[in-house]
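Across the two complexes that follow, subunit A remains constant while its partner is subunit B and subsequently subunit C.
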Partner chain A sequence: MVFRSEEMCLAQLFLQSGSEYDCISELGELGLVEFRDLNPSVSSFQRRFVSEIKRCEEMERILGFLLREIQKAKIAVPQEDESPLAPPPRQVLEIMEQLQRLEMELSEVAKNKDKLQRNLLELTEYTHMLKITRTFIHSRSRVSLILTQPLYEEFPTMETDSATGSTGMQRLGAKLGFVSGLIQRVKVEAFERMLWRVCKGYTILSYTEVDESLADLDTGEISKSFVFLISFWGDQIGHKVQKICDCYHCHLYPHPENDEERADVLDSLRTRIQDLNNVLHRTDDYLRQVLQKAAESAYTWVVQVKKMKAIYHILNLCSFDVTNKCLIAEVWCPVSDLANLRGALEKGSRKGDATVPSFVNRIPSSDTPPTLLRSNKFTTGFQSIVEAYGVGDYREVSPAPYTVITFPFLFAVMFGDLGHGVIMSLFALWMVLTEKNQNKKRSSNEIWMTFFHGRYIILMMGLFSIYTGLIYNDCFSKSLNIFGSGWSVKAMFTNQHNKTVQTNALLTLDPNVSGVFSGPYPFGIDPIWNLAVNRLSFLNSYKMKMSVIVGVIHMSFGVVLSVFNHLHFRQKFSVYLLFLPELLFLICLFGYLVFMILYKWLAFSARNSSQAPSILIHFINMFLEFNLVGLISQTGMQVFLLLIAVMCVPVLLLGKPLYLYWQQRGGKGLRRLNISCTALQFDFADVLLHQAIHTIEFCLGCISNTASYLRLWALSLAHAQLSEVLWAMVMRLGFKVTTEVGVVFLVPVFGLFAMLTVSILLVMEGLSAFLHALRLHWVEFQNKFYHGTGVKFLPFDFSQLPSVFEQDGLL
Partner chain B sequence: MPSLLFCGPKMAACGMVISIWGVIMLAMLGIFFSANSAVLIEDVPFTEEDIWEDKQPPQRIYALYRQVGINCFIAAAIYVAVGAISLCQVRLNKRQEYMVT
Partner chain C sequence: MVDQFAIVMSVMTLFWGIVGGVVPWFIPKGPNRGVIVTMLVLTAVCCYLFWLIAILAQLNPLFGPSLSTEIIQYLRWAWD
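For the complex of A and B:
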């Protein structure tokens, strides 16, 4: 964790044409530098290495197809711990060839499999049809069936149905025709109706549902089908029936003439189906084998292609120097890493086959470099919550190191409960101890990942909450009596008659009576307050005053940090014209308030507490009444402080613009500021306007921000009350029955209490306190010194590049 | 023997956490009730007669305290059993996961 961001420099890399790929590969592995785009006006299709990138994208496409097939076959892709290096260009063609071969094989196998499955479906349908139409013909209970075999045509049957007049049929001597097949269930009624309307009753349709649901290969859905059998007479009707069947997408199969033929066809179908199943199994096995083999090297290929594509993308950013036949790249590099950069270039040159090694040249630049703040796994969380507000300007003081302590502290002031703090700390501790496993698992649940990345923040918040829980003496809304209370009830009522004790529901303990109050509790709030009815009056006063004190200290600290910014950016005048008025304004008004609070706590005791003045009235009177009676008295001093604060305002408002104006006019002791400052046109109106806005913001902000810190009191009160309500309304139910039967209530009640505690008090209140503590940092603290308008340093690092396949969930 | 597994890995883990918390918290509550802690007075279900019609005050209140304390200890023991069941479930889940992959 550093005080301010690192010093960066702009450097030029001269990459010789044989070894540029290897040099960039080395730099990508190390993640040292950020490349600048030297060809911003060139479109992505006109860049030098566009064909190589196209090749990489083609490989990515094939890899995507491969991974989807592997995922469909439910094979796991083994991931290695060490990621492979980017392959040299000559290896690329090999990989490309392998991938293309795999793609071809897979698509061929898939096509064959499809064909076989269609075949199988046809045969299965035919089998069903044959079996079911057999039942049609042999069933005698269906009145609508006048299906007689052509054999009996000459003879009238006993079940002559007057519907179609079979006798008429015989007289005309026309032959009965049959059409049989399968149709989808949803179309059956419409089909029947259409047949009736078109053929005007000269056809007879009978149908039954197939037991097995078959898959429709075109749409992939599994639906029920019906086997139907249409008998008709006459050729014209036959054509019409044929056309209608086509229209409804029926699968038609030839109807056998008699039972023997039917039996033969059934047999042959059975053997053919068996064969087909065999072949399908073998195909499946083969496919699986191929995919398994591919899955072993899939991860390596994915990483290699990703790295290759990244390297070519970076090479596209470089410009080509014709005279030296080398590529020039401009990079932002931290000054402390220049030696590593040289080492990486040497290594890359050695791996490649260029005769001349590549080298680095540092160049001066007037652009603002990006901001780099190094952090380890502990400080990354705090760094990211600071950066969520804004990345710091180049070389600006960073608020992150202080946030490590102040943020969990302000959270804990609002959360303060020992029991909840313990649970939160244990949860965070579990996340921290199992972080290696969790990093490997890399879950896709975003909420969980957010909690996991903030595990150190949560751990700190929990530990600080334990501390404030001990101070507030609050553990699941009950106080712990560790040291023995300082109040004694017996001492209050020894000299009283029993009547006072027996007739009053509430008893008052007066600390002025001897023996009642034997001294303050050593650490935290006395546990007797948990039993007191006026507990909230006492705690509210304490917490409000504490919030104001914490707030004023936090804000003063912020103002003090601005000194370092002023000194670093060589604006020493700002220290006298900005920092000093700001600090004086804050201290004279609110510092005095804090002083009054502390003085009242120390100077007044139980004996003369009735004469203690109200701080609030005094503070208001400081602004409203001006008695200059005696400079040494308190009113005199208040007037003095008020005058200083009021005089700070015009200094803050006009000091900086006037000074800069005077300097520009060529005032004595002209200091050479940055070259950029004097080169700029000095706009007095602009500076004055900015300064006016800043002054108003600061002065009004002082008052509103101090009041804003009262949320520390508000949230801690809310948390304590919620905790108490939960105990009183939930847990107390478990204790109501005192016999052993009471356990039957106690066990589930405790489970409910635990779940409500976690969901309401830990998650909801925790998020709320987190948000408010964050707001206090972002607005009230960082407002005083932090600009946050910088750009973050994004080094070219292979491990930071997102993988398309990971996002799709394929890897 | 049918599978003894009846809850998934997440529910078993929740069960374990609540059991451990329950054992510790109920045991401590039991100790505090047995020690007649004043802070817990509101949780003891005493009635008016326990205060006024006590021959030797505050023995009836103390007796109530002891009973609630014993209840807490029994509940803690039950949570030990629940914890053991959850542990079994966690182990069975791990074994099943190992067998599938």
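For the complex of A and C:
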């Protein structure tokens, strides 16, 4: 990553007709260039390579079907590390043929399997029906002994009535018919009622539930069914019964005449079911074999088809030159990569079968090129948080290299806790050390992937938090006493003061008493403040002043960076008319504030503490009591600084518009060529308006942005207080219990403490501090110099193309 | 007695001065040199500034800590 984006150039590629496919394939592998659309007015159906793309999409459809079948059969698709190259056009037909053959085979096998399963289901139902109606007949025969039993003996012959499809028996002149079958449970009551109403009692319906739930043939649902047996008298009734059965979608099976026939049918059914099961097993095995074989090359095919389709898309963007019989492509290419581009074209030409090699031609362009900032795995995270605000203009200074350090630093100022920083660093370190495995796993959990992509950011944040935690002397809300405190209690409360100590609840150490204060703590905040009741009085004053100092320095840094932009874009006048007034305004007012803070720290001590002025009142008075009369040294300097700052405003407001106006009128000392690139239609009012907005924004922004940095104080206070509350409310309770029970009690208390620390203090406070640090960068820092209205460079790169199947979770 | 403040001040200034001013010259030339040098300088500036603010704020305290008498009793015994 560099400090500004790479220099880009527009180039024309002349691709000879034999080798264009291979050249584009090479470029796709390298990911060097971005193609421009040379046929924007042509619809996608009229482009040259539409048929090839349609073929690719057909192959993708078949591949999708294949992958779904593979997933259903729960076979894993092995993925290779190296992705295969795009296949040459000759190989494409082979792949297409293979895929079509596979599709046909799979659909045939699936159809057969379906048929067999239907068959199996019917036979199973028939078996159930036979078994259950057997019990009906026998129970009925037991109930109506006299009627039915002699019936069986008296009338041994039975005729199968082909019209009604039911077996019948002669009885007293009328035929006794049987209809048997299966019906779904939900329809049973309605069925019974319908039968009763229509047949007016000339039917007897008996039914029982089937124990096993069967899958419905058409819908595949598992539901309970009932086996029923209807006995009726007469033909007409028979017709009606048949119609009703059809209406309720019953599955009817022929009712056997007697027990022997029933036994025979049962036997034959059993063997047939066994056979069917065998066949089904073998079909399953065969299907699995086919899918396994296909799965081995599925990944290769997917990648090859994806690359092919991408190449044809790019070829569609090129324009065809009839005279030279070649394709012309326009690309944006980084200047430093032109040599690689030439090399890639040569390689492609060699692979293809063109006689003339393809070549590159650089052409001048007045369009704004896209912005390219190279980054490695460490800087990508920081780059992306800068780009989330806006991609930089072409060749503008990029804030990203500075963000690498200032962002974690500002986060740490708000987060500052040694213990929490250690936990955060360890978590980030684990993610960094196992990054190879995580990249392979490619989890689909979005929240986890967000944390994983920001692992280096989190690591930096954690490391800086350790440092600021040491300075704030805060480790899980407790302070460390490494160097020995600078405050001495013994010197303040000698043995003379025993009575004072015993009679008062709260006593203050006075730094005026000799020996009490021996010097500032060498590294950070003195540990005695952690024990003091008036801790926040001291810390608040310290942290607020610290926030203002850090803020003014950060903003000044931003203003200074704008100089580089002015110099690069050859607007030297901006340095004098924009940068200088801005910097002077900032320094004269807020730099003076910082000076006052430092002066008060150094000049006033406990001896003259009663005379120490309030900085805020002083600062406000500087503006309110603006009088040239009082010329005592300090007031005089204040007046002087205020005057400078106030004079900067009109310079900032009118300087640039007036200068450009004067330039346009043909000011001396300028070459006309310089201004030919700036807008020929110089609109004075427009420039003046823009500059007025910028001036107001900058001047008012200075005040509001400085105050905005006070969030550094606010969030660090919140974090410290939350940490203290957690300790006092949770952990201390565990320590207070003194008996042996206390030891056991401490374990769940610690568990609760740990869980709350991670969820509230690490996750919630961490996200909050992250957000606020980000806001400080995006608004307060970047609006001093960064425009962020550029377009990002998107190279044609196979590895960046998303795969449709990955998104569906099939691969 | 050598002033403790002076020792601490010079040690810290020297340390961060080396990190920010001397180490960058030893970073080998490569594509990442610019970023690494920026990082070192910025780290040195930020950390030194933060430490400096903390020690300057405590240099001349205008008031002292208020302690409860239990703590005073304890500190009289525990801290020298």
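Heads up, the rule we're going with is that the second predicted complex is superposed on the first by the 760 of 811 C-alpha atoms of A that agree within 3 Å, B and C clash if a C-alpha of one lies under 4 Å from a C-alpha of the other, contacts with A are read in each partner's own complex, and residues count from 1 in each chain.
Going forward, contacts are C-beta pairs under 8 Å (C-beta built on N, C-alpha and C of every residue); 3 or more make two chains touch, one makes a residue touch a chain.
It should be emphasised that the depicted structure is a prediction, and the values quoted were computed from it without experimental measurement.
Asks: Which partner, once the models are overlaid, touches more of subunit A's residues, subunit C or subunit B?
Replies: C
Asks: On the A-aligned overlay, A:Leu531 touches which partner chain: subunit B = first, subunit C = second, or both, or neither?
Replies: A:Leu531 sits against subunit B and subunit C alike.
Asks: Per the contact definition in the header, classify A:Pro89: touching subunit B only (first), subunit C only (second), both, or neither.
Replies: In the superposed model, A:Pro89 contacts neither subunit B nor subunit C.
Asks: So in the superposed three-chain picture, is A:Met546 touching just subunit B, just subunit C, both, or none of them (first/second/both/neither)?
Replies: The second partner, subunit C, only.
Asks: After lining up the shared chain so the two structures overlap, which partner does A:Pro78 touch, if you call subunit B first and subunit C second: first, second, both or neither?
Replies: Touch status of A:Pro78: no partner.
Asks: Have a look at where A:Trp601 lands relative to subunit B and subunit C in the superposition and call it first, second, both or neither.
Replies: Only subunit C is touched by A:Trp601; subunit B is not.
Asks: Could you say whether A:Gly515 touches subunit B, subunit C, both of them, or neither, answering first, second, both or neither?
Replies: In the superposition, A:Gly515 touches no partner, neither subunit B nor subunit C.
Asks: Would you sort A:Gly201 into first (subunit B), second (subunit C), both or neither based on which partner it touches?
Replies: In the superposition, A:Gly201 contacts neither subunit B nor subunit C.
Asks: Does subunit B (first) or subunit C (second) touch A:Asn504, or do both, or does neither?
Replies: The answer is second: A:Asn504 touches subunit C but not subunit B.
Asks: What residues on subunit A does subunit C touch that subunit B touches too?
Replies: Comparing the two interfaces on subunit A, one with subunit B and one with subunit C, the shared residues are 531.
Asks: So in the complex, the part of subunit A that touches subunit C is made up of which residues?
Replies: Touch list, subunit A to subunit C: 1-3, 374, 376, 379, 401-402, 404-406, 409, 413, 467-468, 471, 484-490, 493, 501-502, 504-511, 516-517, 519-526, 528-529, 531-535, 537-538, 541-542, 545-546, 549-550, 553, 598, 601-606, 609, 612.
Asks: Quick one: in the complex, what on subunit A touches subunit B?
Replies: Contact set of subunit A toward subunit B: 76, 423, 476, 478-479, 481, 527, 530-531, 728, 731-732, 734-740, 742-743, 746-747, 750-751, 754-755.
Asks: Please name which positions on subunit B make contact with subunit A in the complex.
Replies: Within the complex, subunit B touches subunit A at residues 18, 21-22, 25-26, 37-45, 64, 67-68, 70-72, 74-75, 78-79, 101.
Asks: Would you pull the subunit C residues touching subunit A in the complex into a rising list?
Replies: Going by the criterion above, the answer is residues 4-5, 8, 31-32, 34-35, 38-39, 42-43, 46-47, 49-51, 53-69, 71-73, 75-76, 79-80.
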